[in-house]
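Chain nomenclature is as follows: A, B, C and D, assigned in order of appearance, with residue numbering initiated at 1 for each chain independently.
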Amino acid sequence: MHPITAQLVHQTIRPRPAESYKGNYGRVLLIGGNQNFGGAIIMAATAATYSGAGLVTVATDPQNFASLHARLPEAMVMDYHQTDAVLALMAGVDVVVIGPGLGTDPGADQLLSAVLTAAKPQQRLVLDGSALTLLAATPRPLPASPIVITPHQMEWQRLSGLAIKDQSPTANRRAQRQLGVIAVVKAHHTTIYTDQDVWFNPGGTPAMATGGMGDTLAGMVGGFAGQFSDFTAAILSAVYLHSAIADDLAATRYVVLPHQISALIPEYMHRYSVAVPD
Amino acid sequence: MHPITAQLVHQTIRPRPAESYKGNYGRVLLIGGNQNFGGAIIMAATAATYSGAGLVTVATDPQNFASLHARLPEAMVMDYHQTDAVLALMAGVDVVVIGPGLGTDPGADQLLSAVLTAAKPQQRLVLDGSALTLLAATPRPLPASPIVITPHQMEWQRLSGLAIKDQSPTANRRAQRQLGVIAVVKAHHTTIYTDQDVWFNPGGTPAMATGGMGDTLAGMVGGFAGQFSDFTAAILSAVYLHSAIADDLAATRYVVLPHQISALIPEYMHRYSVAVPD
Amino acid sequence: MHPITAQLVHQTIRPRPAESYKGNYGRVLLIGGNQNFGGAIIMAATAATYSGAGLVTVATDPQNFASLHARLPEAMVMDYHQTDAVLALMAGVDVVVIGPGLGTDPGADQLLSAVLTAAKPQQRLVLDGSALTLLAATPRPLPASPIVITPHQMEWQRLSGLAIKDQSPTANRRAQRQLGVIAVVKAHHTTIYTDQDVWFNPGGTPAMATGGMGDTLAGMVGGFAGQFSDFTAAILSAVYLHSAIADDLAATRYVVLPHQISALIPEYMHRYSVAVPD
Amino acid sequence: MHPITAQLVHQTIRPRPAESYKGNYGRVLLIGGNQNFGGAIIMAATAATYSGAGLVTVATDPQNFASLHARLPEAMVMDYHQTDAVLALMAGVDVVVIGPGLGTDPGADQLLSAVLTAAKPQQRLVLDGSALTLLAATPRPLPASPIVITPHQMEWQRLSGLAIKDQSPTANRRAQRQLGVIAVVKAHHTTIYTDQDVWFNPGGTPAMATGGMGDTLAGMVGGFAGQFSDFTAAILSAVYLHSAIADDLAATRYVVLPHQISALIPEYMHRYSVAVPD
């Protein structure tokens, strides 16, 4: 089990080449946010945007358009009920994040299936939150795309069949291999299972134990996945920085709000891009 | 009559254990915010979230969803007209805050009764604002749950039958015992009546004399009640910190806005968790 | 012609008595904001709230509720089409500000007339923006209430019949006496005409030459009028501080946005309440 | 090919005369923001407002009113489907910015044609984003007004017929002369083609490679065009300051969000108005 290191993050987040444009930094589509959980997709999209994604589109319930734009004018929006339009736009993106606040009703279930069916091999997928609950309830074939899932321990139990007390690295590894996806199992010290290795995140603070933290991580993973060629390194770097920012904020805060992490992503990415912080 | 002390707050707000997750810090349901008073429930939910509540859901008029999410994506929302759905969600929460901006129309009255009827003995209730007006107008049996009410002096008059000029500690004590709930009677120096003791809050400033201050306190009480096992200590700590933050802000401000208090709750909770401030 | 002095402002904005509550600091009703000019009433209400008004209600087009609450949860809202409800609430307020973004359609005209008819002698009125345009187009009897109008030079031309080039202090004085209201004639150096005196504001900067400045002043006047017993002193102090804040901001800004002024009102009021600044 | 210099910006952004009012600083109408791209017009309008435009009106889909006002109460709004009302208001403005988030459906196309037809010779036009896509798809006569277009390289390819690899200064110059408008061709170092000269912008950073940057520049160009008499100098100054702010922010940020640039425009304009920065 390897720790994610500051060195790895530094080697992943490289200074951007001068001659580049927004198309070089990832087209990211985030899908989620029903009439009850709109905040989740807002937080995920915020994290993706502040992570440097070149273009961010949010497919969500139209109820969430006003609040999303009030917080994040940088994102584009579309009605996630219009499946054909979502799939048409999806055809041109580099990364799809699906799940934050998506809910588990039949419409959500069908949308997840449609997205999984439409995914192309070169598109990266981030499955989070409700998408994992839906998958656990109704397993379905996963596309050949690079896929990362970001379950918390209860979602992981549903997906893997492993009770929380049985979620040892060895058992998790076995379950991950059966699923065939990279698994980010969120806990006090998050562990990440790839086909090659098992990683753990040295950071993390109980000040992060509040709603929306996972949505923010999913958005960061999506944002990083659109920019950095090594998918695993992108995921590991997002996990590391998400908690590194929280740890620093928690030095003076009893609880850290998700949007406070997103606001600092650009500065932390810069810091790690130029040097390995102490 | 005991003063609430910084020492008591310090002993209540303990550093969080490393191995913990959002479910450990309270599921809080806030109910309120009609078509005229939506800001009240926004302010209460903001205070609960910044107080460190693990999961916050707001049952309100759908008109308020966009503004709530624009300010607080961390909260989940539901339509408070759907009583069955509200009660179903309520069954799984640790704390219910009802009243801020709820209004006093028949729908609000029925919702209050439904919530009081559905409350389980282990759920903590915070009754504020319109809920107190409704209770005074139509007394009804209170559940066996731990309950705190947070009236200002006029609301307390309606509830207790005591004219403001007659609201002495002794008379208040008697009225509180009849009601059988913890009573936070808000005034320049707020007094708190429990079955065991009478407390007074040493802080407070006339810079707090502005709309929304009470909604913010109700949200803080709800947030603290979801995290700290001693209900009375949680309430007293919320009352104390609410005014401690305001007092500090008022050193340079003629009026303190409620949302300015909420923004500082995480830092003040941290400060009191590590030491007794001077 | 007297300059408004820092001394006058200091003598007006007194430290608040410890034993006081929000009802002591003014119930302010702001009326305005149609489907095109919603921002105007948002800015006015923001200024009133940050000026320390105890309770702020905004009667506006419902289209503006979400954006108002997203910026200012401290305010209550109501639909200004429901004239009876507006008048019923108005009966209990101390100050009415009418005009910012109200527009000049027949509905606005009727609402203005209804408000003028319903005003009680002890209620203070602030007439601004569209209300002045409507009054100029259709003069109507003004109530016996203390009234202040806040025209810019073109609105003053319409009201007084004085072309801008003829708006000398002497001519303005004569027109003000005929109208029987306090007139704040906004210009680079704003002049204020009362029954007793003519005042001029020493401050002001061309960085304030941007939309919404007047709405912000109207809201400040409303907020101050609800708190300070001397109506004239309240008005003069609002005019003075509005530009004093702008002058300070303009030391480092080419243009000052209205909401930036409002954000600083509490700190400036505090500063003047404790001493005469240099 | 001339570099835009700090000296040129300094000579353009002059201290404002004391005796002036908002009408002196430009009435700017921005048209755009459909149901998917509302954020684009919000960002453009924010940039125009923070650039010091005297009065800003946004014609957009009504869906965007709430989010626009939540971020920018200083702007007025109107429904861009009401073409007659848009044209009526347009008759009184100094600058029209059309295109950000406008989309390319038939309604957008007709609105663009109506605006181009209605433009008066003394009105300045800024054509951006979707307006350029529409123009390239269906060329139409341009009015005699001073016009600037702000294409990125792909939009410029569509408009000029020059493949990106063929967009040399000489070829661009030729294309610009045929179009008869000032062309701001956005790239790592943006180049600007006027009838007299070719300019290049020395600033720019890959941290700007994110959605909304162009919308922000279009809004700045509109804001500057309403204030500074020399149209070319206004455009050049907007281009220069837009990247100068981004370059400074990028010293500590891996990505710069468009709204972060707008927030700093007033301070940068002030700085350049008083001296040539080092």
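Assume contacts are C-beta pairs under 8 Å (C-beta built on N, C-alpha and C of every residue); 3 or more make two chains touch, one makes a residue touch a chain.
Every value quoted in this text rests on a predicted model; they were computed, and no experiment measured them.
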Most remote chain, CA-based centroid, reference being chain A: C
Interface residue identity across copies chain A, chain B - same or different by half: different
Where chain A and chain C are represented by their mean Cα positions, the distance between them in whole Å: 48
Separation of chain A from chain D, taking each centre as the mean of its C-alpha atoms, in whole Å: 34
Junction residues of chain A, two or more chains touched: 66-68, 70
List of chain C residues in touch with chain D within their complex: 35-40, 42-43, 46, 63-64, 66-68, 70-71, 152-153, 187-188, 205-207, 209-213, 250, 252-259
Chain D - residues contacting chain C, complex: 13, 16-22, 24-25, 49-56, 62, 65-70, 72-78, 265-267, 269-270, 273
